[in-house]
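Please find the structures below.
Shared between the two complexes below is subunit A, which pairs with subunit B and subunit C, respectively.
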Partner chain A sequence: MEGILSPAESAALKELFEKKLNGVMRMYLDTCARCGICVESCHVYASMPEVKYTAVGRAEVVRKIFRRYFRMQGRFAPWLGEVLEFDEATLNAVYDAAFSCTGCRRCMVHCPFGIDTQQVMAIAKALLIGADREPKVLSMLADMSIAKGEGIEETRADYAQALKNLEGEVKAIWPVPEGTSAIPYEAKEADVLYVALAGSHSIVSAAAIMNAAGEKWTLSSFEAVNFATFVGDSGKAKRVAQRIIDEATRLGVKEVAVVECGTAFRYLRHMIGPQKFRVVAFVELIDRYIREDRIRLDKSRLPESVTYHDPCQIARNSGIMEEPRRILRAISDRFVELRPNREENWCCGGGGGLVAMGELDFRMKSSRVKADQLKASGAQIVTTACENCHSQLSDLNEHYGLGMRVEFLSHLVAKALVLPGERFRR
Partner chain B sequence: MADYETKKTLDYKGLKCPMPIVKISQELPKVGIGDIVEVLTTDPGSLSDFPAWAKTTGNQVVETRQEPGLIKIYVKRLK
Partner chain C sequence: MAATITGGAAKVATDAVAAATGTGNAAGVSAVSGASQVAHTGLALVMDGIEYFITVPMVYLSVAFLLVAIAAKLVRSFRAGPPPFQLALYPVPRHPLIASLRDTFGMPQILKIEPLFWFFLVMYHVGFLLLILGHLDILSGINLVPPESRHMLGAGAVGVMVTLPTFYFLGRRFRDANRVISTPGDYLLLLLLLFLFLFGDLMSWGNSWTASGFVMTKADFARYFDGLASFSFADPRTVLHGAHYHFVVIHVLLANLLFITLPFTKVVHAFFSLPLNLVRRQPWKES
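Entry: the complex of A and B
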């Protein structure tokens, strides 16, 4: 019969599901009281009010499979209802649930039981991988990262040359003494390993800031982002992160500073277990430099009003909320808050791999509430500390004609750096 | 340094993560097997990303060239 999976396929998916069933996950699946408090939490539902776009609606797809295969009623009397068999329709529903969720966890903040829908969606994503239905672009990007780790020696010299070619842009912001590298690479005795992304925009401003602070730093060979986390492949996610762990351990650094990338930061900070180094977000490093008076910033260079978008993985899911605000108050007299903000901030709508997957129509429609929030701020600039958010905010800005400028926080800081002897306004 | 007969030039300068790799994976299948495309980029990381991507997808980076402000990557479709 069309749409029915073979017994072997169903058994394999059931086994995958079972591997995810630890005590916490069973609590998430058994506990929901259907109070509905999470309904209004999701930016997708707030923008497109359909039940399937609620946190409980998404989790219910996984719960119905759980009931069918792991609860007495579902195993022996599935005709009583509230269950889902593994078939084509179920896998389609699983896909819609998993990849309409950005993993922002705003619903978890509101849930009286603290049910983590992102973790429930980890089961959905594992099932999709098992059924070979995951978004192939995300798997491809994860595979690329792993291959990069295996072949890094073959391309190291080219990368080093590219960094040398980029040094002029760094020196234009913050000069370094003759004979000193503006982008240290493979530097011995560095205290900080800065893990950037592929683009020069993720390197130049950060390099200038660290040089201005007199930091002993070195640049990683690898990109911070971990696409395996988006696709939900925990095995590959570990291998992607291991490249950076090995590099940091080999170089003997005290800290790994993660570029403005929420997912990269959250994974490295919270999910790799104890290491010999600390993991900090680049925004934390900038805040530290300001507090220790290692960099000075000129407020007069940012005359426009500016607001800040809290990236979900850095703010709500990692607690870094006051650092960016201290930085903004150091570079602007016209900082205005988005409402709501901090842990209550609306997700940008581009998380969970959606930006890499394209999905422009869904991303724009499902983030109308974000566009409304940005517009209501009245700010001329929206800044953030996450590349994924920056991409999504840029698309929203264009799609909804918001007329804002979207900036990385590190770029605003680099523009405000005060050279020794320069006059500036605090 | 060889001169290649390139089927097209793809301008990926200034794109954000992970768009250069996403776009090449969409564009390369549009040329014939054995054809070469030229990619223009400003991303230092692309010098490692493209060879790694080519390895995992069964294609080939035949050469990379760079100068301040510009990186050129020549990618051959093999499958």
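Entry: the complex of A and C
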């Protein structure tokens, strides 16, 4: 029959599937009662109401394969659970499920059993890698990160020079004493290793804030983003993260502060196991500086109303919810909440690698509910603490003509920094 | 209407027997019951054998299968190892275990999103627990309900507590997105449960629709259950009287089928709900 995979190909995919079957995963696959409570949880379904865009709709694709290859039902009564064989149509359905899910885990908040659809989709992504059908752009970006780690010694001097060229922008926000580096690099005595992204926007404001706070910090040679997690390649994801772990260990820092990037933060905070250093989100660091009065912020510099988009990986998946709100209240009198917010916040629709993959048409259609939510807030500025969310919110702003300004939280804080002796409004 | 016909027919029979034998009505009931114990031949004998198999050996086999299969499933799942990293959601509740118990038994997510569904789920699950308790109570050593009572626990209300929600669950499966996500197995499981409950209802309610009230009392069922518990392998027909006996057999058959299929169905959520909710509520210790 056309489209059926060879026995060897099917066996290889089955083996890949089996490797993912830890105890919790087995329970996730066996437990779903198909009660449908998660149906309304997904922003994609809320924007494009097709059942394949629900948590249960996506997970059922994986469950039907599970029932076929790992349950007696698959052999004796396949019709009972509508099982799926490995073939072209199944792999297409697996792709649609895996890469229409942003891994936001909002459905997990609503599931009466707490089933984690992102984990179930990890099986789907592993199968796609095994079938050589994963989005190649994500694999390529992950490979580039790994290659950068392997060749860092050859590029270190160039990177150091590029940072020197950037120092002027940092000093324009917060001057540093003559002879002091505004962007410390390879600093042996540093307490904090700041891991940025590939782009000066993720370095300048953060550097100014840390300098203002008198932090002993140093910049990482590597970008925080981990494209391997988007593509679902756990082996490559470990290698990408290992570059940062090795660097932090070599420099002997106490903390690794991760730039405003949700997936990078969650991976380093929760998925690398115990280390000699602590992992913090950059917003946690800013909040700490404010609470310890290490930086002063002027509220008068942000006259517009501002709202905050909780990045899924930072908020419901890592617990950073009150810190950004405290920061916003320190720089604005006109902070308004999105409804819903915190763990119930709608995903922006750009996670799971979708922004990196392009997919503009799907991202815009599948996030109409997010655009509606932003519009309903009435805020002039939407701020967030995640690069992916920032990109997606900017696209939504343009596509739906929301007329808002999209800002990184750190940028707003940098603009509100009060120099010594300057008058300011608390 | 059905009650009138059934009750009327039984009354005619018992009155006829009472009149013919010149005895009272109670003796008439006894005689009708006794009539079901006359020696059978041919197909009736085969049917007797099938009914005996269903009500005694198959009960042991299906219960044993249920216990072994569930134990194997639990062992396999719990021994398959932990996930590679923690999967908790935030914010973390002050008491993760209590929050997990609340999620498992209170289903607050469903209450918030679909209150009517939650109402029927609570009614169903409470009813199901009472149902288990009611069946255990039939054993002569327990007796939450006095042994001389004609009724079993709940006097039929417990059956209604599970039957009504099952009708609702089945109807809900045909609605909107639920119809698309449902598999044939989902409908069959609900139909199996529905008919199991309906035959149970028939025994607790229909049993009292005879002219002279209950034909099979709690004490009768206790004799059957005690026989099973003591592995006497006695034919329940000797202690359960009247035409309702065949309904008992069908009820037991459906229960056996449920026991056999249960380990392969999503009913395993009964065992996995609490551990999974703990995974959601309890983060691992930070590095």
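Throughout what follows, the second predicted complex is superposed on the first by the 420 of 426 C-alpha atoms of A that agree within 3 Å, B and C clash if a C-alpha of one lies under 4 Å from a C-alpha of the other, contacts with A are read in each partner's own complex, and residues count from 1 in each chain.
As a convention for this text, a residue touches a chain if its C-beta (ideal position, glycine included) is under 8 Å from a C-beta of that chain, and two chains touch if they have at least 3 such contacts.
Model, not experiment: these values are computed from the prediction.
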Now for A:Met271: first (subunit B), second (subunit C), both, or neither, which partner does it touch?
-> second
Kindly classify A:Cys32 by the partners it touches after superposition: subunit B alone (first), subunit C alone (second), both, or neither?
-> second
Between subunit B (first) and subunit C (second), which does A:His201 come into contact with in this model arrangement: first, second, both, or neither?
-> first
Looking at subunit A, does subunit B or subunit C touch a larger number of its residues?
-> C
In the superposed arrangement, does A:Arg426 touch subunit B (first), subunit C (second), both or neither?
-> neither
Hey, which residues of subunit C end up touching subunit A in the complex?
-> 73, 76-87, 89-92, 103, 107, 109-110, 113-114, 117, 177-178, 180-186, 188, 264, 266, 268-269, 272-273, 275-277, 279-281, 283-284, 286-287
Subunit B contacts subunit A in the complex at 14-18, 20-22, 25, 42-49, 51-53, 55-57, 64, 66-69, 71
Using the touch rule from the top, collect the residues of subunit A that touch subunit B in their complex.
-> 137, 140-141, 143-148, 151-152, 154-155, 158-159, 161-163, 165-166, 168, 196-203, 221, 223, 225, 227, 261, 356, 358, 387-388, 390-391
Mind listing the subunit A positions that touch subunit C in their complex?
-> 21-28, 30-37, 39-40, 51, 54, 56-57, 60, 71-73, 77, 79-82, 105, 108-116, 119, 234, 270-275, 278-279, 315-319, 321, 342-343
